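Look for subunit A in each of the two complexes below; its partner is subunit B in the first and subunit C in the second.
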Partner chain A sequence: MNRYLFYIVLLNMIVNVIIFVPKILIQYRYEGAVMGVIIAIPIGVALNYVYSTTINKFPEQGIPEIIANSTHRWLKIIHLCSIQLIWFTAGLITLVGFIDVLARFINPEMPKLALLVIYLAAIFLIIQLPTQRVMYFLEIVLFINIPLIGFIILSAFTNEYLSWDSMLEVGTHIFERPSLKSIAAATYCFSSYSNLIIFNRVIKGKLKIWNFIAIFFLGIFNLFTAFFIPIGFHGSDGAQQYLYPWISTADSLRLVYSPIERAIFLFLMFYMSITLISISVNWHVSLELIKGTFKDKVSKKKNWLVLIFYASCSAAAVIYLNTVLLNKITIYWMICRFGFEIFLVVLFFLWARRRTA
Partner chain B sequence: MPSNKVQSIQESITSKIMHPEDMVFKENHTKEKYMEVLYIKTISDEAVLHENVLKPFFEITGSEEFLNYLQSHPKISEFESEQKTIDELMRGVAILFYQDFVFLFDCKIDRNNAVMDTTVETTIQGPQVGFSESLPVNLGLIRHRYPNTSLKVESTEVGRLSKTKVMILHDTKFADPNTLKRVKEFLANVDIEMFQTGEQLFDLIRKSNRALFPLMLVTERPDRVAVNLASGKVILLVHGSSYAVILPTVMKDLMSSMEDIYQTYWIAKFLQLLRYTAFNLSMILPGLYVAVSSYNPELFRVQLAMSIAGSRTGIPYPSFVEVVLMLFMMELLTEASIRLPKAIGPTATTVGGLILGQAAAEAGLVSNIMIVIVSFVAISNFVVPINAFSFTIRVLKYFILFLSTIFGLVGVVIGFFMILAYMVKLDSFGEPFLTLIQSKPNKE
Partner chain C sequence: MLSGCGFKDIDKRFFVMSIGVDVAKNSPKKYLVSLKFAVPSSSKDNPTEFMIVSEKADSMAEAVRIIKTKVDKEIDFSHAKVIVYGDEVVRQKENEGINYWFNRRRDIQSIAWIAIGKPSALDVLKVQPKSEYIPSNALFLTLGRDGSETPYVISEYIFDYKFRLIERGIDPLLPIIEAKKDILEVNTVGLLNKKQLKLILEPEETKLLNFLRNREEKSANKVSKGGTTIVIDTHKVKTKYKIHTPKGKAPYLMVKVSLEGIVEEATRTVPYEKLSYFEKAAEKKLNKDIENVLMKIQKANIDPIGFGLRYRSRHFNNDDWEEWKRIYPKIKFKVQSKVQIEDTGLIE
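Presenting the complex of A and B:
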């Protein structure tokens, strides 16, 4: 049943193609982003490997079940209380970012809050499903979307206006000193393994090595696509001038024989569902962790309180964060997340070793 | 002469059933024997009674020998309790009072035992005969197609007043015991007065008694039942209904026609693809029309966008009014052609389809493209093989239409995925309703 791990990894990679990662990488393309990407790949795969194999020692259990009978109750509460926030904010920045994209490219006249309402309605429907069902839904969404997104990426690669020279030019900056920001952004593509903290419940059996080999190659391909395709389309200097480089790239694609001529609409329609499930996965993890914090079963009222908290946070974020501010915050969030992720993996690895030894 | 105990049973039974017009109470005498027979002639087969009880009564001389005959006859059972005897009497069983014994003689008459042709789930090839409205005949039809010793048949009663007999069939080799347990619990908890047919369970399966999706499959085809038995499903047969209920049901079952196994592999795959496409189109198309014509006309290439806009130039109201108007007209037509007597049916479709459709466009009430879309939606809807599910889709498209009216293109996409998520959430007796890779029900 290792396909489930694969789905989680793939989902995160696909989502990151569009919103923040290419923007950050392109911003630092002359200041070490290339080297950053190259360094990020082994770091990402290594973290992936360590965490996945560690949590795989507890088959079909999420973190709340694993540490349920741990004696340090206060440790548990601190642990669970802090990490939910990471997952919640991960979903939140994707949500706010994508609503910004929608308001810019699809529905410029509609208030952002209206877009938020329908997104939240769908998300709340999904995150309250059992973990197994969220996985089933993820599988269906990927099944519907991957061929079409693959088609768009393929037509981007084969487009005659793709300038390989610009990409090579950026490639010459490979030996610049890598910046932390670019490493943090690039490793985010791999960080989906941390969703295993809950989704380990549905993963049966041992993880095999080919899983990680697949992650390695997918990661290289994904980062390359996210980083270099916009540069190839808009030139090494021009790429920086776009707020959402990949979406502008999709807008440069023309599907000659299709009734939908501009690829951007296809692209955004697929990404509506991909971001929906991505946010839902993140918030499902967060919700389940909150549920795990309480000692007894969570009542309906408490559940609603959490959902209302989610809704009001996202409403506030949509109202107060504009595109530029969101981009700035995201960069620092990425760095925090990167550090926290390493901390979490190491801590969990040590704890699990003591526990199982 | 009968003993006091038998006498008292007889009196209390006759006093309880209110002496209806069609009740028969007959005393029979020979030199050695005395017997009383009580039955209701409208639901009992008098010829069978005569052949099996009355004739031997006068032919067998010894009283002990006749008692032996009665006790060894396979259709005769002995008295258990008074209530059960009355229940059986009301179903057409004759009660025999002989010496110190009370016997129940099964001479129920089966009036609706004609096997009917399939009318709802028709196929071009393959078996053409459906169920009858008689429980024993239906069971026989299934046994005929599924002659295995592992087929287990149990029965229970549902309905406070109707006390309808329901048979639970499953193959002990394939069926999941947990599912079976759930089905039995569910049937035991069904709280309903009149239970006439399996379709009534659709609503009762949900806690709120309000369901949109059919979580069980109701079929009129014995061949479908046999195939499903072999794949480990549980079958319910309801007395007096020519439909069998198949549990648990998932999306895949609702989208499959029996034709799929009577066709070659690729043709079956093609037909399935066609069905799923039709399912999606039928749900999305009205909403997409609203989103594209009112929110994002730049979605399509310019020629197409122009022809849609051009077709709408004379229309005096926004696109969603147009869609609602046209869909409403189509729903009325569909409903009318179902309910009307067969003789008038074609008139309704002609008047509606040809005259209204054409005239509405010429009068400038709806655009020509809208008419194409509505017919598209209606036809796609009929492609779905299971009728109950195609009704569900008829309702679902309004949900997407509503969202697209408010949110545009985002509403269409998110609405579609909300419906998918809801379907993923549903389960039918422990079996998830919609998954990409449907696991086998039999996990052992």
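Presenting the complex of A and C:
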């Protein structure tokens, strides 16, 4: 099993437990979200498999290196001039969403822009590192946080207030026609394999089938946790009222013998670092792709220009997007991303087959 | 930073320990809201000082804003762990505003306990048991089951209260705290429908309800048979129930209770051979008692255990809730209990 691939896939799964995916799925719980999740699992794993094994044929190369000497100019343009936007916006919505969470629960009196500055400073430090080091950083963060988050999730599963009847009640709506929105949201949990577009640089050796079996089971567990646990705590009828279903769920856990009785603060503390590294990974990919677009080596000035663009975009987003609007935009972003993801995987698969054949 | 403090120092904050809501008397306003603050004291001589500030208002938000003008420090709700509704508040309808205020505010914990105060919420807040060394701590310990463990207390968190207010098929229940002179007594439970208080259970019925919810296993059960009265100290109680809707016949609800324990007290010697004789008697009594409680709850048309939710979760059709509303008033309860007395304690 290749552990770097595993970390990359795991990262998106963990991040999506808290912000957008549960909210979207729970909103459509009676209108086909259950079927959507069930359909999303094979789609997600299949995309994972196709893309990872295809890019695995080019060992230790990112896309900029792979297509550097390609004759297909149009492919290069599509691949490098637009897809940075997808990665950049992926990081951006996570950033804006989490800043909102922090401003609400941790520090309501601090201006959001001040929170953003702190985050951006750390992110900019990380994204300019070489890919290998970003990977090490990711490994350390996951290594420290996953056991603790796992503990909180476990205590949610064993809580006596978790109503399995409510979860089953949502389960009985399995035969509703699946909605595209819920499929798009559920596949997002699997979609961080696409970070391999750059992170393939650090992946050594052939990928084994075990990777994908592990991803399959983790995906099921992850989607179940993200979707059903808030329903178990807040009810099949009541869970959709919450702005952040999983954070309210963490607030409903009482850790009697822990130093802090309210699990929500521990939960948010762990997620601060997880979100930081998730945004950094997304933006690192985006930055490297932009660098790959230019023909010659990127000068310091150009690099700074890109970073300033990132910073001003996120400042504008934090100022102008409120939570309700952000949630609305995210749903449509998810659908666009879903379509684009399939397009990208199929295109790359066909191109690689012609190339290697 | 951890408790969401922003930039205000701790000495400029006033921590609310418990919140009381009563009906305002002789006033056009709807509620009387009381906040119990912990007063930090510099000496150890009198550590349980507190202060109660009340205000009449039509809504929680207004009341809190006015109370802010009566105290010198910023009010901090992050340690408010008990919310007490006065008896009259839960008897009236249209409390939605205050019910959801607690969930809407980000700084009130979802794991605060909620209860009914008798004779009024303010009276409950005023009680200061001698054993208490932090204001409201006696309430925290009782409701949190960290202190005494008893089957007569049914505690309820604010998030679970909201869950029950909204979920179709399960109704809210709140413990009733009675303020006596120096003591707080919690041994009954008030059952609500989605709007107001409907039924108050006696202590013994509260215990049986706790059995039915699988929440407490330590209890004492009295059985009399043939002139001998024994008390069984239980250490394991398990309940399962299933809803049967046979075609063409009346629907019934099968409740299976299994109870294990030892004899703690007996008015005469109980030989080991006769234990099964007492087990039979205990089973018969338990069957009847549980059935009576269930029928009492059914008559009030409320559902604190969640039978309706169970029915909804086992049926795939979309109108299962409407079906259940037709079934519930005429459903029959069949209780099968199994009592196992393991021994008679250290002596026969």
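By our rule, the second predicted complex is superposed on the first by the 351 of 357 C-alpha atoms of A that agree within 3 Å, B and C clash if a C-alpha of one lies under 4 Å from a C-alpha of the other, contacts with A are read in each partner's own complex, and residues count from 1 in each chain.
Throughout what follows, a residue touches a chain if its C-beta (ideal position, glycine included) is under 8 Å from a C-beta of that chain, and two chains touch if they have at least 3 such contacts.
This structure is a prediction, so every number in the text was calculated from the model and none was measured.
Once the two complexes are overlaid on the shared chain, A:A122 sits against subunit B while remaining clear of subunit C. Contacts of A:D165 after superposition: subunit C is touched, whereas subunit B is not reached. By the touch criterion defined above, A:L276 lies against subunit B but remains apart from subunit C after alignment on the C-alpha atoms of chain A.
Applying the stated contact rule after C-alpha superposition, one finds that A:V141 touches subunit B and leaves subunit C untouched. By the touch criterion defined above, A:F265 reaches both subunit B and subunit C. In the superposed model, A:I106 lies in contact with both subunit B and subunit C. In the superposed model, A:S252 makes contact with subunit C only, not with subunit B. The contact surfaces that subunit B and subunit C form on subunit A in the two complexes overlap at residues 106-107, 110, 260-262, 265.
Those residues of subunit A whose C-beta lies close enough to touch subunit C in the complex are 104-110, 160-161, 163-169, 171-172, 174-175, 233-238, 241, 248, 251-254, 256, 260-262, 265.
Those residues of subunit B that touch subunit A in the complex are listed here as 295-296, 298-302, 304, 403, 406-411, 413-414, 417-418, 420-422, 424-425, 432, 434-437.
Residues 102, 106-107, 110, 114-115, 118-119, 121-122, 125-126, 129, 132-133, 136-137, 139-141, 143, 258-262, 265, 269, 272-273, 276-277 of subunit A touch subunit B in their complex. Listed in rising order, the residues of subunit C touching subunit A in the complex are 1-4, 6-8, 106-107, 109-111, 144, 146, 157, 159-160, 162-170, 215, 306, 309-310, 312-316, 320.
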